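My questions all concern the structure below.
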Amino acid sequence: MSALLELKSLDKRFGGLHVTRGVSFALRAGDRMALIGPNGAGKTTLVNQISGVLTSDAGEIRLRGENVTRLSQAKRVRAGLARTFQITTLAPHFAVQRQIELALFEREGLTSGMWRSVDAYPTLQTEAQSILTRFGLRAHAATATEDLAYGEQRLIEMALALALRPKVLLLDEPMAGVPKGDGDRLLAALDALPSELAVLIIEHDMDLVFRFANRIVVLAEGAVLADGSPDEIRRDPKVRAAYLGN
Amino acid sequence: MNTFLNILIDGLAYGMVLFVIAVGLSVTLGLMRFVNLSHGAFAMVGGYCAALLTREAQWSFWVAVPAAILATAALGAALEALVLRHLYRRKELDQVLFTIGLSFVLIATTNALVGPQVQMIPLPPLLAGSVDLGFRTLPAQRLLVIVAGCGVAMLAAWTVARTRFGIWLRAAVDHSGTASALGIPIRTVQCASFAAGAALAGLGGILGAELMPLEPFYALKYLVLVLVVVAVGGMGSIAGSLAAAVLLGIIETASKYLASDWGSLFFFVAMAALLAWRPNGLLKR
Amino acid sequence: MNTMTTTPALAAPTAQAAAPHCAPAWRAPVVLLVTGMAACALMPDQLGLLTRIFITALLVLSLDLVVGVAGLATLGHAALFGMGAYAAGIFALKVHPDPLVGLAVGIAAGAGLALLSGAFLLRYQGFTFLMLTVAVSQILLSLAQKARQWTGGDDGLSGFVMGPLLGRFDFDLEGRVASVYALTVLVALFYVARRIVDSPFGLAVRGIHENRARMAALGTPVFARLWVLYTVAGAMAGAAGALSAQTNAVVGMDSLSFALSAEALVMLILGGAGRLTGALIGATVFTVLHHTAASINPYHWLFVVGALLMLVVLVSPAKAWAWLRRRAGGVR
């Protein structure tokens, strides 16, 4: 089975700071990979390079075999990549349903349409509503996103990424800032992710990591310290020394 | 050759005036991220105070000018502390519109108090004549402007680099949250910088009274030029403002001398090109 | 430690929640048409003022697309207006005095300038973008002053007489034809603007305004969308300029001025940006106030506008309006 996402010797510097040092790994369909590492290891920077927010200095990124290293964010999304943000990034005054519909319009390539009203697309409206129902947010369809509880906003983040029907999904700390009790719906959403999706998740919560991931990559000071199954990582002395500490 | 030197000297003087007025705005923009379009009004107030004190109150030029600068500083401090600081968190557009409204009000008030005629600042005999530099003679006023501009630049650079206030200022610009957590009095720094910027603008208004006549619409008329200098030089960069002001001042003067029927075309083309090349400021990458 | 053993139900069944919806696009334009026609019928001696209101409203409407909908603060919008005005005037003078063809020329000129300048301007954001819009419009102003043979320079462009509208209706001295002409163009373009804003394209542009990073993450080609929007706004501003040239039979340098850009922005903010109707209200109120205050000292007028601006920023009518709408239920 060929790799959906492939990184080859990805490298990046910010002035004198070497933030990504020759990172290489590959993701296949169905992989649930957790990217862990101490703060400042360069995890979000790496995800930003994969999604196209930042340009790498050297190395290659391949999405389903296609070289996307020089492509814009938008083009990578069209090629099947989607991501969520660590800091919730939503259109604050949009109604929740509209925010989802916007993702659907983009997916279908309809946002060049300037004449028909957004209300004239019943199939997409139904799909948006069913997405909201799936995430337990149907009651908030007409609420502005900024008026939602924080945990619900994080759900929208994930819903938007999934609405794009990606092949590769990057989750940047989806549980960040969500109190332990409120995370149930998010956890359920993670469990319910399509099985053929390749998922890369940045997370600090080790319970979640060991429960969710079938593969773990440990990043330290911008370089890959270890790459293997959860058991291998748990037993790896290097990782223990650098990170887990126990 | 003569024309070339004339352009250089007049351009340098013009640039220095623009720098002195603009530097305060650049610092407040960089420091507080506050777009203050009423900054031109400070230059106007400084000029007006100096004009009225020398002409109406018969004060000596050398006393009136510092007094005018202090008055402008006081006005700046009062405005900042009472009104403007409540807008620091607002959107850029809100700040733009509020301060434009404030400019309008200040223009109308100036007219109501003093009338619409141009205000002249009579120069003392020492400055009214010419100075012989050996290779050519210069109007003393031009020389004063250039020297004052250099003085302001050096004073500003020294303050920022060497004094405690300068360190506070730089810390506050870089990260005001951390700075205040470290005990740096952010409010004082903000208010003092604003007042200093206003004072410098006042000085600029006085120095530039010949090139930029003082009348009630002054506050808005030259605002665009000042904004251009700040944008091209880079917000918060004193050296950038100096470089941008001198460069653009010379270009504008050259175009007035050599191609006057093209208006300010070259000034704005140069501005657009410089800004497109270095959107964050001339000296920043 | 394993915390979960069963997956909780994700669906939380609720009563049918209200869904966001837009009002039909034709409603507001019809109201505008009726109001405008009524005004023309009831105030036959003020047709010149009404025509000016319609034209200004169209200009501010085009500005609302850029500032209110797309979120691009610009102080150079007069360039697009003036471009349309001069193009229509020169066309009437040198080629053919038919008003509708001239209108098309003005629209094309405004759109063309927006297309060209937008390709450069839209690479920048925030304060840099704002200053560059000033630069572009000042450059255009200087070029217009230089090209005296074409534009008449500081004396303005005049001496052209418009032909009859639709081949039948001559522009009369009372201004009846002019006012109906201007109103019709305004209503038609208002309808177009409404449809655009309520379309998926409009939704994407509003999304770019609210959160650019989010739109990029959804796969939106941000630059392309903004470019198209800017061009459409340019077309509308050009139409306003053409109307101005044709109904006044003169084009002056003030149609390219910084003062006009600033005034249009003030009108937009006073009326409320982002909803299109605010542009119409702001333009109307401001023009009427200015007209009645014109005899008074211009400095007093400046004081009033300044104070109003400060007040509006401190107590934003848009926020008050939005708060009211949310209490009444339903978000767009």
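For this structure, a couple of remarks:
When the chains are written out, they are named A, B and C in that same order, and each has its own residue count from 1.
What we mean here is this: a residue touches a chain if its C-beta (ideal position, glycine included) is under 8 Å from a C-beta of that chain, and two chains touch if they have at least 3 such contacts.
If you're wondering where the values come from, they're calculated on a predicted model, not measured in any experiment.
Chain contacts here run in a simple line, from one end chain through to the other with no loop closing. Ranked by C-beta contact pairs, the top pair of chains is A-C.
Chain centres here are Cα averages; for chain A and chain B they lie 48 Å apart.
For the pair chain A and chain C, the distance between C-alpha centroids works out to 39 Å. Here the CA centre of chain B is 34 Å from the CA centre of chain C. Against chain C, the residues of chain A that register as touching in their complex are 51, 53, 72-74, 77-78, 82-83, 85, 89-95, 97-98, 101-103, 105-107, 110-119, 121, 125, 129, 133-136, 138-144, 160-161, 164, 184-185, 187-189, 191-192, 207, 211. Within the complex formed with chain B, the residues of chain C that make contact are 67, 73, 120, 123-124, 126-128, 130-132, 134-136, 138-139, 141-143, 145-146, 258, 262, 265-266, 269, 299-300, 302-303, 305-310, 312-314, 316.
The touching residues of chain C, counted against chain A in their complex, run 1-4, 7-8, 10-12, 14-15, 17-22, 24-25, 195-196, 198-204, 206-207, 210-211, 213-214, 216-222, 225, 228, 322, 326, 329-332.
By the touch criterion given at the top, residues 29, 35, 87, 90, 92-94, 96-98, 100-109, 111-112, 116, 216, 224, 227-228, 231, 235, 261-265, 268-269, 271-272, 275-276, 279 of chain B touch chain C in their complex.
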